[in-house]
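Next up: some structures, all given as structure tokens.
Two complexes are shown next, each including chain A; its partner changes from chain B in the first to chain C in the second.
Presenting the complex of A and B:
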């Protein structure tokens, strides 16, 4: 008798919630996901005591959005390289941690690596804006180097905290090193985009997709 | 073995048991107290139940996992006269809960609810990731030692250092680092050369994106193919060389090229050739001298294999000069 009453109660309870999520305005649906991504991002980038709880419900929206944004900002040939590096790189880093004996869930680790791309995305955006007025100066490349390096250091610092806790103590560096390589590759792409978009002057460097690169060993390899 | 038990049981009488009158208060003799998984002891406990005599833990001989066994069952165990301490101690609540601590300390009376053996782990099959953890069974210290050994061209027993734990971490990440370093520093070097050498303002330096692709193809291909060929040749000529050990050897031999790549940013062509020649020599000698130990019983075919390996590795080394001298400059011809 009690069970029958429960079964009858359930549909009446289920329907109001179903109608709520269908009826709610689109903005609130979007905002729920965006706020979740923002919450996780905040806790990943500025690590505090309870950051690990924030990552426990992983999602891949954040990494996808950041990867897309980075590809758009860098543009051109580099977009494809960004996708390949981010996709393959997160998988390989996660597999590396698990194979070294780390007790880390696969998607949680992919989520973490993807979220920590954000500083490099910031660096790419800042570099793009800095290159617009400064692109013709030959010393502008040092700004690019500085921002790319800063993004790299911040990304590595953010992800090291989580990953090193997951792996046994004696193997910490073995698990962290691929992360360093991964973010170094992405930062290098950010640096290279300077050549694609901004740099002119004695260094040259209009976009390389149109030009044919003819190797000219003769003129350059005479030594300095 | 059964004779010994019978002898012991004959020698003892009920006065040594901890239960007068034959009642058994605690069933701990049903469990193998030497085994950390708390397996049931089998045959001896049958003999025990009949007489109420509880042998000291040294005599309970159910199969234990090999890595946790204190003594092998084949060696006769010395007779330790049971004392009151080993036979009975007042029930205490153990502070540790590890199975080794609970079950490995001899016949200590413990609470019954802590005698539940831990759940057996599910078997790890070939489609679980954990199955492949044996390929990465190294610590940071091990990798550092192997890398340092690879820097020396003198025969120093690399395979002894590796032992029976060849790892794939080293080959994988050393080769990936080398590819990345060659691509990045190759472009940096050509940029520096252009910046310092270029007279004509119409020339342009272009980022050579093909260096990454070519580097990845050559180095991953070399690391995938050559150890396989070497292992195949060894199988053919009945020489003992494991595939993982060959991959390990070749992988760690690539390490020395990474600092040499950094040195080559200094953009003198003679420096490129000299530094890469030195690195190639060290690396190839490392490979050859460590393989000599394995090939010594088969010196005829072994010498030919070593020569081929040396030449191939020299080819790989010389090829790396390409990354630093292949200019990526378009010359405007007006």
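Presenting the complex of A and C:
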């Protein structure tokens, strides 16, 4: 019963079996929510014909987790910008779609925008790992550009499918334009995080590379 | 879980003993978790007044607020007061807020009900006070706004659920 992902069935199930779901063990509630997030993520990232139903059962946990993860991966200075861009940007995109006559609910649209951040999060993680061995080489930036661009294209492709279906035809481009801006801004943050990680590498990396010519100071800086 | 209910229904001492002990709670773990994340967030806020602002603190606040929201919405609401609320999106795109309450409210322990509502109101008011006190320090707006929004969302959801109680 709990593995049934069909949204329309769940409220109907809740009525006659109310005591069951009201008394269910906490772990099964937790697992149900987690598997819903995974299910939605899979369907949003690899769009198929029936993914619209997956999004009807919206939740904001996915967007929250991805936003936090992106903020952590990109590092302190950029993390605040990530929060602000994601929060304001998803609200603006949603308002824009609704005002253009789209038939999406507010939370559904915020949910969609948030889930489509995942490719950019992937790109940020890959870039961070790629920059560790390649940090000091000047051509490493092309890897960053490649991954950031790939994440951008994937995010836009995943989100445009849903949003353009909800908005009237002649307004499709108007609805898509802020989405492109939004993911471009996030991909740009991923790209410029290269300067932070490429320049300093890991915390011990910069001090050791800076002191490679003065081995007598190496022990002092490694104590940091 | 079912046998636990039977014990409670035949034991009238829940919530009615004069001294509060662990046995006067039907769901002690739920009560603990209901208060735990709120308590941690308040402690962290008091500590953060003496520390410089950092992004890690903000992230910890957000995580605590999110955990508290999940616990209150999914666990302590239905276990402690027998109420539930959620949002459904229909096929034509409109959304509807659905509220549910337990038919048989006599299984609800009064003490747990007081703990639930008391903690929820107290924390909402406290974060409102923090918001007013910190209105000048912009770096603390993110945790305050998020904690306020999540707590008020749960509060309003459960107040609306309560209005749907069948009149006994």
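The definition used in the following text is that the second predicted complex is superposed on the first by the 169 of 224 C-alpha atoms of A that agree within 3 Å, B and C clash if a C-alpha of one lies under 4 Å from a C-alpha of the other, contacts with A are read in each partner's own complex, and residues count from 1 in each chain.
The rule is simple: contacts are C-beta pairs under 8 Å (C-beta built on N, C-alpha and C of every residue); 3 or more make two chains touch, one makes a residue touch a chain.
Keep in mind that what you see is a predicted model, and the values were worked out from it rather than measured.
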Touching partner for A:56 - first (chain B), second (chain C), both, neither: second
Contacts of A:28 with chain B and chain C, given as first, second, both or neither: neither
First, second, both or neither for A:104, with chain B first and chain C second: second
Touched partner set for A:173, first chain B, second chain C, both or neither: first
Chain B or chain C, by number of chain A residues touched: B
First, second, both or neither for A:80, with chain B first and chain C second: second
Partner chain in contact with A:181 - chain B first, chain C second, else both or neither: first
Overlap of chain C and chain B interfaces on chain A (superposed complexes): none
Sites on chain A touched by chain B in the complex: 77, 95-96, 98-101, 170-174, 177-178, 181, 184-185, 188, 192, 195-196, 202-206, 208, 211-217, 219-224
Interfacial residue positions of chain A with respect to chain C in the complex: 7, 11, 14, 18, 22-23, 25-26, 29-30, 33, 56-58, 61, 64, 68, 71-72, 76, 79-80, 83, 103-108, 166
Chain A-touching residues of chain B, taken from the complex the two chains share: 129-130, 132-133, 135-136, 138-141, 143, 169, 173, 176-177, 180, 184, 190-191, 193-198, 201, 203-210, 267-270, 325-331
Interface residues, chain C side, partner chain A - complex: 1-2, 5, 30, 54-55, 58-59, 62-63, 66, 70, 74-75, 78-79, 82, 84, 87-89, 91-95, 98, 100, 102-103, 142
